[in-house]
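Have a look at the structure that comes next, please.
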Amino acid sequence: MKILVCEDDFMVIKAIEHKLLREGHQVVIAINGKQAKEILMLETFDLVLTDLLMPFTGGLELIRYMRVEIKLSTPILVLSKVGNEDTIVQAFNLGADDYLTKPFSPNELSIRIKRFMLRK
Amino acid sequence: MIEFFNILRFIAENAIIVFTFLIFGSYTILTVFSAMEMVHYMRKNSFVDYDVLLTSPLAPSISIIAPAYNEGKTIVDNIRSLLSLHYNNFEVIIVNDGSTDDTIQKVIDAYDLVKVPFVYLERIQTKPVKAVYQSRNKAFKNLKIIDKVNGGKSDAMNVGISFTDCQFVAIVDVDCVLVDNALQLMVKPFLEEQSYNRVIASGGVIRVANSCHIEDGRIIDIRLPRKYLPKMQVIEYTRAFLMGRMAWSRLDGLLLISGAFGMFDREILLKSGGYSLNIVGEDMELVVKMRRYMAERNQPYKVTYIPNPLCWTEVPEKRKILIRQRDRWTRGNIESIFMHFKIFFNPKYKSFGMLGHPYWFFFEWLAPIIEFLGLLYFTIIVILGFHNWYFFFLLLAFVYFFAINLSYFAILFEELSYHQYKKRRDMLKLMLIALIEPVLYHPMVLYSSLKGNYKYLTGEKSWGKMERKGFVAEAGKKKTK
Amino acid sequence: MVAAQNIVSSKPRKQKILCGYISHSMLAKLYTETIMVPYKKGICLLLVFGFWSLVFVQNTSAQDTLPTSPSDSLTVESTQTTDRSDGRVSIIDRFFQIEPFRTILSKFDHNIGFIKFLIILVTILFFNAIFLFLYILLNRAVKTYLRNRNEKLRTTYQSELAYYVSLDEDQPFYFTNLNKRINREIFVEELISLHKSLIGETALRVESLYFEKGFDRDSLGRIRSRSWSKKAKGFRELAQMNVRAATKEILQYTNSSNRILRMEAQLATVKLNSENPLAFLHNLKIHLTLWEQINILNTIQVNNIEIDSLDDVMDSKNHSVAIFAITLCGLFNHLKSWPKVLEKLNHSNPDIRLSAIKALAIFNLIENKQPIKDCFQADVIESNNTKDGFLQEKLTRNKLVALDALEQLLSKDDSDFYMNIFRNRNEDFNVLKKSYQQFIQIEPAASQMLRDGIMELQPALKMLKDYFEYKNHAK
């Protein structure tokens, strides 16, 4: 699967990247929403994994951009801080498909990704 | 006759020299205090995780209030950048102060706004509100636009403050660029208040944004301004914010929270009467008023200040505009000082009355006047031939090197704390500019503050209002370039 | 073939990099030893004075030993010895023997003392400016070098760590040099930041790595250090890595007078003290600020910590602690504590009452209705009887929160409660607004009931009526 990971914490990026690469996925990384938007213009993905809080363009705006402006139906998995329920609800309202709270377990992440694969 | 003249000379010379030494002594003390406060703050701050505020149910509500007057060119981007600030529980209120351009229409189109019914208690008398708009789009649900009849900046801010229900209000100049976590940083001092001390206001550093690379209302790359005038203002701002205000925050004598970005306890702000109308320096006067309100009711309070670079703004690049701006500031200072002269050396107001206010009286208001009188005196002496060039140059060298030391200390503080200018060449340029700053830039500031004093003495009250409108229009013109 | 080519081509390049590195590192070593270390230890001031005295001594000694006419130096000496009773030449006098200060001084005929003072001051300021100029530049160079070096290390360790956690359990992995102090510091920082964003099996692997490399000893050493910032850092590390052995030692700092240390200790004990995470609240003598409350709550949430009954903490004499305990009860829905929270509605402190109302609002039990209404009435009476604006502000806030809490529990028989609110002429506008909103929801005959004389009594109601009619119409 080709996955776009949009996240600003370098450590988290690295951890996710290694995990996903080892499971045979193709990973593209964006460090903020703005970069993600640019990448999305050029390539198509099977899944977008995004943090909600990032510099420049946040996750919510990225989701809105994908669903409303360029009308992409790519599944979106949101990665958000614990206790941020309001924002997660907002993300779902805008069209997110699933969420995972930080701190997260990489194994759980891969299970969720597998679920997306099955759904496809 | 000659005898009399000599006595006069003796008195004048000594008075000027004593004053000079007092002022320099006070600067030295302030430098020491600011160094102490800075070290303390930096060490303390290294342990802070501001992100806890983003998810906490205990985080207080904040309302950002930004008055707008003829900002059609930039308003849409500015609102977007305000909306994307990192905080959970906040709203953005833009008060359109009867703009004569297409400001309101642009915002309506960009954010899909509709008129909504509104009702609120007008706790401060203001010009009437025409309509309130909110977005139909869920993503912008915390945006509110108030359209009102023109009544000046203070009036617009008062409307916003009356309108909101939030516990804290952040007053923002709509053309300022705020950093993402500005609200988190700004609200923290309020949360740290002890049971015995109520934090009523908090201010931040204003930085010079000229020549910085700004995209979508965000600073992408921080650069030193290319032109000389803004460069000198960089030094001046560093000195004022990192040294002056930092020290005053330690001494609890902070009198001014810049109108560009400050956060206030809404309740106290309303109780003390909000921003005063028809004066030039409404931002300074407000803090004085709030302090007075608390002190006169024997309520312990605190005004805090954080040195992090939160707010970036364009400073004048033209001499004329700079002089006008400074002349306005001077009149603002004079107004605040004399409107509340009761505080002067009044022990009831504690350090604010015993230190802060007198400092502003002597060293902010009186200093330029004394300096001017000194120059005048010197010219007379030269004409009459009583001068001693050696003494003159010795004093000049003293003043000059003192000024340079002060600037270098400010640059050092900046370097040791946030070092925003990453390029080494920028630093070098800044330090070289500091060498000519006292010669080129200071006379300009002196001139404009004298002009301000003159205008205050001769002018009528309504002058201020006219002037500000002029400035706003100017700022708009500047941006279009 | 390709591989061989690679090796050949990379060899000279590598050497070049190496050369660059050596010269750079030597320079930096020089910097760090001459500038950075003194700066860190606060001796930089001494350095200034050292520099000064050096300049001064050299100048004066050169003056003394100069083979000028002996008689000249003698006369100078003699006049000075007569000036000073102890027979020694003062530093200031020596200073004014140096050129060009002597010439400058000779131009003045009176006020010599002041002139001397001024000359010395100008000289100090002049050299200080030069010193600051150089110092800023050097400091920048050192900082840049150190930052680049640390960044390099940081990215290396970040990649290595991320790779390590993605490996299987039994695969061996070697990290770049972990013997140097700075390397260890950066490594542990990255380890902590990685651990923060992970849970489950992977987090445990990070933890075992922490112990395996002996970082627990480093951290324990830190909390015994004298500097508070090191201590606080140690608390963080130990708490993050669940080193329960340190709990007792950390617990004694929860009452420290240093704010940062205190909060870090509190957060650490919340995480480490698994039996009773909030035990320190019992003995807390200092005000618990909202900032501390937010941080403690965050620690509880992020680490999924179970909170036991807080009934006894709610009685704490420290009001901030009581407020926090009540708030937590609400947030974690501790229904067991319901009677205790209810009791707090009668507390004399309005802030405690506020937190109780908020907690009850989350419980949302129909049994709450009467007590909250009573509390509201009591607030109305208190607010009518006081002239203290600050107290009124708090009471109004309580009233608004109470109305929020009642929102879900209301029924038609509560009309009287609202009519009483409307009859109070001193009532706050926002309270009226909220009451009106709720009133028209529960009472179909609302406008009828309000028309009978109340509208004149309370002019705000008319405005509210228009507002809500317009609003409902717009919907």
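All chains are identified by letter, namely A, B and C, in their written order; residue positions are counted from 1 within each chain.
Just so it is clear, a contact is a pair of C-beta atoms (placed from the backbone, for glycine too) under 8 Å apart; a residue touches a chain by one contact, two chains touch by 3 or more.
Worth saying up front: this structure is predicted, and the values here are computed from it rather than measured.
*Asks:* Looking at every pair of chains, which two share the most C-beta contact pairs?
*Replies:* Per-pair contact counts point to B-C as the maximum.
*Asks:* Select the chain whose centre, defined as the mean of its C-alpha atoms, is least distant from the mean of all protein C-alpha atoms.
*Replies:* Most central by this criterion: C.
*Asks:* Between chain A and chain B, what is the gap in Å from one C-alpha centre to the other?
*Replies:* Each chain reduced to its C-alpha mean, chain A and chain B end up 41 Å apart.
*Asks:* Compute the distance, rounded to whole Å, between the mean C-alpha positions of chain A and chain C.
*Replies:* So the centroids are 31 Å from each other.
*Asks:* Nearest whole angstrom, what separates the Cα centre of chain B from the Cα centre of chain C?
*Replies:* For chain B versus chain C, the centre distance works out to 24 Å.
*Asks:* Could you say which residues in chain C touch two or more other chains, in rising order?
*Replies:* Counting only residues that touch two or more other chains, chain C contributes 298, 301.
*Asks:* Please list all residues of chain B that touch 2 or more other chains.
*Replies:* As it turns out, chain B has residues touching two or more other chains at 55-57.
*Asks:* By the touch rule stated above, which residues of chain A touch at least two different other chains?
*Replies:* Only 82-83 qualify.
*Asks:* For the complex, which residues does chain A have touching chain B?
*Replies:* Answer in residue numbers: 34, 53, 55-58, 60-61, 64, 81-84, 86-87, 90, 93-94.
*Asks:* Would you mind writing out the residues of chain C in touch with chain B in their complex?
*Replies:* Counting only chain C, the residues touching chain B are 104, 107-108, 115, 118-119, 121-122, 125-126, 128-129, 132-133, 135-137, 139-141, 143-144, 229, 232, 236, 259-260, 263-264, 287, 289-291, 293-295, 297-298, 301, 319-320, 327, 331, 389-390, 393, 429-430, 433, 460, 463-464, 466-467, 470-471, 474.
*Asks:* If we count contacts the way the header does, which residues on chain B are in touch with chain A in the complex?
*Replies:* Per the touch definition, chain B meets chain A at residues 51, 54-57, 84, 86, 88, 138-139, 180, 216, 218.
*Asks:* Where on chain B is chain C touching in the complex?
*Replies:* Those in contact with chain C are residues 43-44, 46-47, 49, 52-53, 55-60, 116-121, 165, 188, 191-196, 267, 271, 297, 299, 388, 390-391, 394-395, 397-398, 401-402, 404-405, 408-409, 411-412, 415-416, 419, 424, 427-428, 431.
*Asks:* Quick one: in the complex, what on chain C touches chain A?
*Replies:* Result: residues 155, 158-159, 161-163, 165-166, 190, 193-194, 196-203, 298, 301-302 of chain C touch chain A.
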